[in-house]
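Shared chain: chain A. Partners: chain B in the first complex, chain C in the second.
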Partner chain A sequence: MNSIGLSRTTTLRLPPALGRHAGLAAVLLLICLYLSLRSEVFATTPNVVNVLRQVAVMAVLAAGLTVLMAAGGLDFSLGSQVAVVVAVVARLLESGAHVVVASICGVLLGAVFGLVNGLVVTVFNVAPFVTTLATATVLDGAALIAMQGQSVSAGGALTELGTGEVLGIPYLLLIAAVVIAGAAATLRWTRFGRDALAIGGNAVAARLGGIAVPRHTVALYVANGMLAGLAGIMLLSRLGAASPGTAGLHLELTVVAAVVIGGTALHGGNATVAGTVLGVLLLGVVANGINLLQIDSFYQSVSVGVVLLVAAVVNQLRHRGRH
Partner chain B sequence: MMKSRILTAVLTATVATSTLAACGSGTDEAGDTAYTIGFVNADSLDFHTCLEAGIDHEAQSVPVEIVHANSTRDPAKEQANVEDMIVRQVDAIVLQTVNIDSLEGAIAKAVAADIPIFLTSVGGPDMAGVAGAELSDVKHTGEVAAQWLNEDSAGKDVDVAIIAGAPGAASDLFVGGFKSALGPEAKVVFEQPGMFQRAKAQEVAENLLQSHPDVQYVFVPNEEMGFGALTAFENAGRSDIKIITNGGTEEGLEATSEGRFAMLVASSPYELGVKAVSTMVDLLEDPRDEPVIGQIPTTVVTKDNVDAAPAYCG
Partner chain C sequence: MTDRPPARATPTLQMRGIVKSYGGATALRGVDFVARAGRIHALLGMNGAGKSTLVQILSGAVAADSGVIEVDGAPLTHQGPRAARAAGIATVYQRRTLVPALSVAENLMLGRLPRRRRVVAWRDVHDRAASMLADLDLDLDPQTAVDTLGPGSPTLVEIARESHRGGRILILDEPTASLGGHDAALIHRLVRQLAEGGTSVVYISHHLDEVIDLSDDVTILRDGHVVLTAETASTSAAEIVSAMVGTTVVNERPPRPARAHTPVLRIEGLAKPGRIADLSVTVGAGEIVAVIGPAGDGHEELFPFLSGMRSGYDGKVSLRDEQIRPRRIRSSLRSGLRCVTGDRLGTGLVPQLSVDENVTALHPRARRPLMRWRQLRAAAGEARARFGVVTLQPNPPVAALSGGNQQKALLAKWLSGTAVSACLLEDPTGGVDVRAKAEIHTIIESLAESGIAVLLTSSDTDEVMRLADRVVVVRAGRAIAERRVDDLTHDALTHLLLGGSQ
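After this line comes the complex of A and B, so read on.
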């Protein structure tokens, strides 16, 4: 009897990447199942595409943050970086700049923000949490200054990017998929990714092992800044205009939540892009489900919080069970 | 190590000093002005920047000195800003509150310090302590929006969606007024919060299109969210859904003249700012026993009468 049970377990064993997140995947699946039963439109192709398009920006930021957090870094300013990029690119487009020039400026601007964060963290040894919270505050103000507190229309220059599709797949989703694949490949197959994990696991040992920790850390912050630039352009293409209150801390918290729920350790050394993707999807599906089921506004935060809590606990239990 | 510490200290001191200097340069020193009025703004959205522009413009022509503060949507910061104004011994405070619930403490503090306080746009249930107010009747705005919908739908059965603001007093009043004045033929099939944010409203509108694609009217209590909904509908190729909203910015009026917004309840925060300062100065010259309370005028704007709208930002 036992041997049958064991052999069954062996046959049904999930691939490691999925097996590690079986708890989170189960929660996501259950929620999808529940929503499919309660709303006839939830599981339709247009709604699935709708949800995926809505989470694309979050996914790009979360993929980059996963690699940064693997190295023990943290960036609480990503949402604010996005806010500034959205504002500046909209201003550039409004003043007649070519869309390519404006977009390159957006990505470079993100790189500069990342460079500042990286240098403060490595040169002055300030904790990433404090550094990026401070730069987030500066950038929130900078976004308002760039917009002069008023909405700035991006015109139609980015509309195709925000609404266009190829073979029924939105461009935004394709970009997100490429970034996710890139982040996963970096962590798994490149020396850069393995070094990041080594730094997150033990920075001193990594340094003694020959890894240029400060240079590596700065590079990670710059890469995250560039992804924030890309995410800003994607968000602007969806919205069509920059306006006060876009992105900022709320987006940032959502991104951090997606990464942490996915199983990436806050202290570094352990990261998983597959888990992050599940975390992003969970948040996107819950936001969509809340609207489809028309949950009363007073209960929305409660619903989201409970789902996050359950997902985090289930994922953690699963993780603990392996040790 | 020592060198880097000194460098850090010097850098920190330089940044802090220059920041303070920059902040200081934004505040005018009292010159020949008769009064100093503290203006505590609630946020930095279009509405608030235009309100401030109106206040500054009127302050120059009176002239009075304006001391600015912004509560950045934080009720606790609003209390601190009012306290700061009291410490600075301004002659009066003009307050655009973050939230109706945080008003009581601010009014009580100003009254205790014997500094007259004037409210813009949002008033509280107890207005006894204030010197005056120029209020926006958001419930009435909701009613006006519903009345227009009743006329436009001409007795036909229609499905209506509401993309509300953040849960709380203002949004609830907008939505409450709107629902109370809707005719029996109009059925509210969808109601979800857009949190007064363009991006969130767009997301909600995208989800609305999935769940209730046949909706004919959407009521959105502010223009920022209105544009979010409009983008969602236009991205989906839907120009048939009529958006009813509230605002009056240049961009909003243009969208109305093009028929992209079916109806806009327009008002001018700039004129509100002008009125607030002029009334407050009148009250300083000639104090009254009872609060002087007025309503911000509104205009129903469709593509046929865009010229009738007041200038949003002066």
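After this line comes the complex of A and C, so read on.
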């Protein structure tokens, strides 16, 4: 993505963005270097493909969330939306629905969740944090209800999607790449994306300038919901079954962490999909490393939190330096 | 006023030779100022005369470049707000610094709540607050939350707090700016009472009647100089006004032929309880009409009303005889009405976005579903050239520009399109330097020449005299006069604005 910007220095923010992500990229490289020295498995093709397959779901969610956060929004319920979609699609498949029908249902379901979030945020003016925390809690429960507390097998219908590949590239990774490119292009090349940045930067000025702020915000939440639907199908295809505790709030926290680590501001007006990708990769590599080095998996949560805290402090210091 | 200490009483506060400049602009050029115990000293001056800089220096918010400040004969050696406070200088700014959700009592003792065994002693809080209020004859319930009080009462609470904290030199920055007669009278009573108790009061105001009625001494600043300092009784409203206005005309008003304007923008019966009552104004094509009022007065409601930023107004707007609903922002933009805020970074521009993107935000060619950066840059280039936006880097975030360039970018954003038929400009040269101000005036004139109906709100008489064809004067939320500017002198306009019989 960085290469797009190099030709036109006047309007693209990417050359400074290169420097902006240099620190994060360096940290990622150092961790990769360390892991490839400590473990023979890390740098092998199967492991790399495996890591990328694992982070694909997170990347889809994080890419959408980056655009939403550009507009000053926030969605804590994406992971829980994924959980419900996984459960519902699995049940549909189990009851014999065609895979395409089930998948469309999954995406539409996500859209409905996004619509609810967006309407509550815009019509009642409830803070996005509170709204989506509430819906996340509701949806976490709804997912358990949908699978009645038991694992639901998706059968073999999605196996091809979950394990297949073209030219050695897994489908899941391809989908993630398309979504990431789409998010980056939206922010950069569409009025929709530029308006999102304007809303996040100064909502009053955006409204007075004729941007339909509520409609725009709802559209962003719906788009995020649809991506959650897509992510749910991707996750189900990888796992083969829906089981209690899949996805949910903890997935979402990781996604938010990835976006923030990437350097997107919580208050909106500024967003970077490139940073988000680096953030997702960093968390994916750290999780993989903990696995490979046979460190107790309890430390994974600790590591995510520490990385997030350090990244947030660094972003804040850099922000302060600019003023 | 006869029982006040005489004018020769030992000064409590003495400032000598205060100089302050910001960058190249000099705000104060050697100001002497004396405030005596038990006397109310009014400080007056037009916008930009240096009043607020003087207040900031007194309160310790900024340091003077040179000069001496003495309190009770001892020079103030330390700088900063703490030192000023320790010396007994307390400032009540125009903006309240109370915590709205807390009670009057808590606000009175903010940061110093009485405690017993480290726990807040609520009975002491309320008792002490009640006795403080009683000492000052204030009829307020200490347990009421500040945000439920009437319009003038928070100011009373804040003055009481500052006086109680040991403010022997009390600086009041336009305490009655947006208040009606009754609330203002309560504040006057409190101020008189504090002065009788020996406090020396520095009273900044835009209301001439108030100054003449209330103050013992008056000092007038113009262009950073003291142009008049006298006992109030020995001067007159006319003398004060001509001292404030001066004789030099800063901006030449180019001759503009008087012509009949076909009415374009019509506002009828704008009202909001407590802020503005029944304001009507019509602006013709190519005409510049100013609505002027003292800072903080009801003319400041025009922007939030007409732009659709806030609701809760009564009043009708029509553009070329078609009614407009300001709250429907998109359709009122489509009909050719543009409202340019006076708060450029707060409600006008998107600070982090680039200059090019800001100035083309309403540009039809630049705003397609798929961005075309090349076209956007071209459109931005035209707008920048027309409005004189100059940047050092090719296209920095708009927040990085100087105030004057931000203001031009703001005008470019809202007015560079072709479909503009009427605009509201709120305080279009607020906080910009003299050169940028002159350039912006030229821009506004050329807008009018192209046939746009220009409505202007301002608190700046210079600007109104320089630009407007007609002026509507608002005071205490009412339109009190409408005049052709050609029939007015600067002094006469200042009189209308500030009151005081001629």
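Annotations
The definition used in the following text is that the second predicted complex is superposed on the first by the 278 of 323 C-alpha atoms of A that agree within 3 Å, B and C clash if a C-alpha of one lies under 4 Å from a C-alpha of the other, contacts with A are read in each partner's own complex, and residues count from 1 in each chain.
Assume a contact is a pair of C-beta atoms (placed from the backbone, for glycine too) under 8 Å apart; a residue touches a chain by one contact, two chains touch by 3 or more.
This is a predicted model, so every value here is computed, not measured.
After superposition onto chain A, the modelled positions of chain B and chain C are compatible, with room for both.
Look at A:Q300: by the touch rule set out above, it reaches chain B but stays clear of chain C.
Touched residues of chain A were counted for both chain B and chain C, and B has more of them. Looking at the shared chain after the overlay, A:F124 reaches chain B, while chain C stays out of its contact range.
After superposing the two complexes on chain A, the closest approach between C-alpha atoms of chain B and chain C comes to 10 Å. Within the complex formed with chain B, the chain A residues making contact are 39, 41, 44, 46-47, 50, 54, 124, 144, 148-151, 153, 159, 162-163, 235, 238-241, 243-247, 287-288, 290-292, 294, 297-298, 300.
Residues 4, 8, 43-46, 48-49, 164, 167, 190-193, 196-199, 202-204, 206-211, 224, 227-228, 231, 235, 249, 251 of chain B are the ones touching chain A in the complex.
Per the touch definition, chain C reaches chain A in the complex via residues 307-309, 329-330, 333, 339, 341, 345-354, 356-357, 361-362, 367-371, 373, 376-377, 394-395, 413. Taken together, the chain A residues at the contact with chain C in this complex read 8-11, 188-192, 194, 197-198, 201-202, 204-210, 212, 269-270.
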